[in-house]
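Encoded as structure tokens, the structure appears first; notes follow it.
Note that the chains take the letters A, B, C, D, E and F in the order they are written out, and that residue 1 is the start of every chain.
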Amino acid sequence: MRYNNRKADQLRPINVELGINKHAEGSCLIKCGDTHVMCTATVEEKVPTWIKGTGTGWITAEYGMLPRSTQTRMDRESKKGQSGRTHEIQRLIGRALRAAVDLKAMGEISIKIDCDVIQADGGTRTASITGGFMALYQALEKLVSEGKIKQNPIKDSVCAISCGICDGQAYLDLDYNEDSSAETDSNFVITGSGRLVEIQGTAEGEPFTTEQLMDLLKLAQKGCDELKNLQQTLLGYKGA
Amino acid sequence: MRYNNRKADQLRPINVELGINKHAEGSCLIKCGDTHVMCTATVEEKVPTWIKGTGTGWITAEYGMLPRSTQTRMDRESKKGQSGRTHEIQRLIGRALRAAVDLKAMGEISIKIDCDVIQADGGTRTASITGGFMALYQALEKLVSEGKIKQNPIKDSVCAISCGICDGQAYLDLDYNEDSSAETDSNFVITGSGRLVEIQGTAEGEPFTTEQLMDLLKLAQKGCDELKNLQQTLLGYKGA
Amino acid sequence: MRYNNRKADQLRPINVELGINKHAEGSCLIKCGDTHVMCTATVEEKVPTWIKGTGTGWITAEYGMLPRSTQTRMDRESKKGQSGRTHEIQRLIGRALRAAVDLKAMGEISIKIDCDVIQADGGTRTASITGGFMALYQALEKLVSEGKIKQNPIKDSVCAISCGICDGQAYLDLDYNEDSSAETDSNFVITGSGRLVEIQGTAEGEPFTTEQLMDLLKLAQKGCDELKNLQQTLLGYKGA
Amino acid sequence: MRYNNRKADQLRPINVELGINKHAEGSCLIKCGDTHVMCTATVEEKVPTWIKGTGTGWITAEYGMLPRSTQTRMDRESKKGQSGRTHEIQRLIGRALRAAVDLKAMGEISIKIDCDVIQADGGTRTASITGGFMALYQALEKLVSEGKIKQNPIKDSVCAISCGICDGQAYLDLDYNEDSSAETDSNFVITGSGRLVEIQGTAEGEPFTTEQLMDLLKLAQKGCDELKNLQQTLLGYKGA
Amino acid sequence: MRYNNRKADQLRPINVELGINKHAEGSCLIKCGDTHVMCTATVEEKVPTWIKGTGTGWITAEYGMLPRSTQTRMDRESKKGQSGRTHEIQRLIGRALRAAVDLKAMGEISIKIDCDVIQADGGTRTASITGGFMALYQALEKLVSEGKIKQNPIKDSVCAISCGICDGQAYLDLDYNEDSSAETDSNFVITGSGRLVEIQGTAEGEPFTTEQLMDLLKLAQKGCDELKNLQQTLLGYKGA
Amino acid sequence: MRYNNRKADQLRPINVELGINKHAEGSCLIKCGDTHVMCTATVEEKVPTWIKGTGTGWITAEYGMLPRSTQTRMDRESKKGQSGRTHEIQRLIGRALRAAVDLKAMGEISIKIDCDVIQADGGTRTASITGGFMALYQALEKLVSEGKIKQNPIKDSVCAISCGICDGQAYLDLDYNEDSSAETDSNFVITGSGRLVEIQGTAEGEPFTTEQLMDLLKLAQKGCDELKNLQQTLLGYKGA
């Protein structure tokens, strides 16, 4: 049992509220334990110049943290510029969400997913991907209902989870305390059909073995399977 | 009757949820109609160098808008830097909140109030002041309960409201639609005892008369009286 | 009597020299006591994209302080970027000057008014507006004389003055010393026909009452009446 | 056979020249095929404030590309600021190199590894890690020879390689052409004793399977084993 | 005769007004024809860290142009950052002025000379040096009169002038029109005793010969001799 | 004899390797003693808007230093922005190289010369010009061989050297140690036919005399004559 009364392979309680922004084309507030992220989708009926005229769509993401989302207040990035970490995370979210969509079937439409962390307790980037997919899906459904796209170009759902090794043992869905003391930290982005979109594993302390990598992967697959079921239920989406 | 079924001197429905952030020393989510602002207070036990050693405290504010808080998505200020409007608003919020507190009785403590607009529909700066006061009050109470300040140094409560002139008629608490078409736009910051902390009136179209200024002021006094009552009830504060 | 031998309702000595820049389409050096501001008007025969094709003109302002205009040298904004105060002031000057002109009668022409403070002793933003109007007027007259506009689109003159409350008493046209110790500081932008374009009142110390606001307004109206007369004499303009 | 006459599990020709900079405490020019990276180590006998007084050392890395290192000239980052990609890569190099060193045994010394890409043809970040370790090792040896550290605090060597999946087949050490068309791109940082420091796999096109991940990992282990032997020979280092 | 009725070796009319800024420790407005530059000196009783404790003083300069000092309005550097040209000029002014002073005899005092171009018509950097010396001299005299320096540490006066080659002929003190069409443009900084502090010659079109360089140098020496006399008269300074 | 066993009028050993970059249209690595600069030429078949349609070409240069090119590591300009010194140098290199080419005969083509200092020991800007000319020449020859320009528009070769006065004596081609202690530092850009393109002389300590300027010029002419011969030999260029 972990200090927070979870089993090694147990997710934190998850709560998702859809449609929480009256302006956005898709939106949700996802709460994974004490990590709360607001995700909104913005549709624009044009694409970057480098794909203009190809009939292809595009999806990007931006990520931010409110200054007091963290235990100690962070300076605003509007004052000091976006950090390397922010760039890294928003590139990751964008790649993950593009993997879920047949961009060629989308037409010349861009969708931007904004993920803003209201409160942080570990796993903000993976919550952003899991919630961002739901905002994206809503926006695509809206485009279909408005007749701007014939068919929803989602190929597969996508979600993400972190895992880590603490004291030599692998755990699913680390909170901030666990993450701070983990020897190895990893993030997995996995499709509804169980394939890998992204895998990142980093030894913060001791390097890890191939066997430990396999343990982490198995936990991630279990966690993402549960997240996929939640996404499908909430969105009324039957999967790939 | 206005298009939104309000009388000329009627506020929008207000809803305030206190304590919505587990990290902050004070926090609330204030909803004035469809304008939603998250306010958090951060306490730091040191002051800027220019008042160090004087025993005086300091209060500042920062203001931001989530990119999709607006009807059309705004670029993040972390990408393009803070606008003149942002600077103007956060300076206003800071001045307003400092007027509520006996800084000399506060000791060498700084409090920063962050006001982040989750959804915007007019009046975001005045909602930030009204909500910011509540986050500030909570943080000061916490300092008292922890024995870091002997007595809460609040001198008076403070709140704010906008008023405007549309088609020659004065209205209280404009929403975004009304604000866009107003000939004169004004903001009032008023203490619980009814004195003025800040008054700003701008003719967007035709200049206005002294009489019209008086009409706006009367509406603002009525609105702020209602806001003060709400603040006092929620905070259990009896006033100056 | 004030420390500088002025009565409570007395302006500082004013001196305006027109046409002080050989390149600009309009220019003046305005001296309000020891506050000296150079104002130039630059005409461009195109407008911002958002009004292109509407036949409407546009007027903006920029404001700067020379590094040693102040008692203690200020860092150049070219080294550290424009401050929030600078943004606030140049937005104010722009709004004030636009209120003087029928933009629709101006045609697709832009005029930029640059206000550069050569020496500062309080009231730089109001001197900028009073002087800026004169540079603007000259530039419009030049456009008329060149046949680029049929008729001068000035609707009314505009000027500005500061007032404040020191030791409970209201004073007109504060210099830097007075301004530093004022409890309430205010700026008024008033048209030649006596209507209000902008009113800003801020309690730096104690909040102020409605009666005090009225006292400040009366002083401002007296001061602006004198400034209007000076503007009309110098420009040979008969008013609205 | 690949288009460049390599087998699927074959590295590009590698050439390393040590000591190529007369100022730096350690340096090399590493050539992996047509990818040429200059690595220098800079020693500073102080540490960041957050570890001051702990007796612990610190290692960071910076990464840059000369403007014409690429086929089409890139703008200088000194003109447009560091990109998200640059931040991501230099953070990765830093983490990788810190994993090789017992920072506690290093004393309060900082080492910065600069990796500047002279010519790019794929795999610049992995070449930076492999070469950066050699510059780092030299700098640590120099500190030992100067008596500033008692014993070289290297725990294990570290090197890195990229692998990818093209047309469903896994390949070692992709050049730029291969990388551009790969469905999955991955980077592995592996210690001399064969443990994992970092693993990053990204599906650019189709998601990948667990089996494919294993194939990539095996190729990376083979490649890193060869790189480790080269490092040990050149540095006269016997390994962990 | 030149188009502006000057002989080849004739300066433009010069006018200098001393003490034009009530805050600065030294100041002048120098007019060289239609080039008008305001120079102020600011004294600070501390020096940069790299000379702290050596008893040596330091002198720097900053340079700016008001946006409408030029025929076509320039963007403010506070909006777009300082240009390479600005950096180049302010470094030149600083070097020139430091050559006039025995920094070791100055004590740990810094003087900053601000040169702001009010109106430009060629030769703004040389006018800045000539005027800047006068502001500097006044500030040093003030320090002597206040007892902060025992003796004025000026070693020699310094002034500057531009020369150029147009249609193969050498001319002194080019105005903007002449400068725009010159094949070679040069600036000379010369001490009161006739020695060279700085010489810069640039072929904008055809390269120049050693003989042409000598012609330019002779003109500069004649011009600077006249400027030196003016400086000495105005300042009551007898020279080295 | 100098401390480095050179005569007063002797260049450091020079070594140039042409074609060191597989992507660039022209490139060389020039080593002047321990100063090593990599120069690349990039051709773009378009010109800046201000010469579009005139049939004229354009040449610019950019300059950078690798962080550990210097004895003490410098911060990257990608982190802190380009310094005034960098701007000054790259403007100088661009002017020098444009003087070598008949831009009108070049057609609407732009060439950018990047000069990146790999290792610095004095004279990096002059080495950049001497090497930059060689990269430029190669790029122009390549354009001729591809039929994009009929004839190589080089008018004359161009090279550059520094000279200085140490202890009253003039020396050619200062290294870093000599440069640090020189009283006067100068740079000369000279064409193959011996005419002057640029001359810059700065008294770091004592001002210099006309005679000393002549001594420096003679040394520079001797040094540039030798550099011209090397350029002609390596490039197979017969001169103007």
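In this text, a contact is a pair of C-beta atoms (placed from the backbone, for glycine too) under 8 Å apart; a residue touches a chain by one contact, two chains touch by 3 or more.
Because the structure is a prediction, the values reported are computed rather than measured.
Q: Among the listed pairs A-B, D-F or E-F, choose the one whose interface is a repeat of B-C, with over half of the contact pairs the same by residue number.
A: E-F
Q: Just give me the whole-number Å value for how far the CA centre of chain B lies from that of chain E.
A: The answer is 52 Å.
Q: When the C-alpha atoms of chain B and chain F are each averaged to a single point, how far apart are the two points in Å?
A: From the centre of chain B to the centre of chain F is 60 Å.
Q: Taking the mean of the CA coordinates per chain, how far is chain C from chain E in Å?
A: That pair's centroid distance is 34 Å.
Q: Starting from chain D and heading to chain F first, what is the chain order around the ring?
A: D, F, E, C, B, A
Q: Across the complex, what residues on chain B touch chain A?
A: Touch list, chain B to chain A: 21-24, 27, 34, 38, 40, 42, 62, 64, 66-71, 73, 76-79, 81-82, 86, 112, 114, 116, 118-119.
Q: Which of the residues in chain B come into contact with chain C in the complex?
A: 83-85, 87-88, 90-91, 95, 99, 156, 191, 195-203, 206-210, 213, 217
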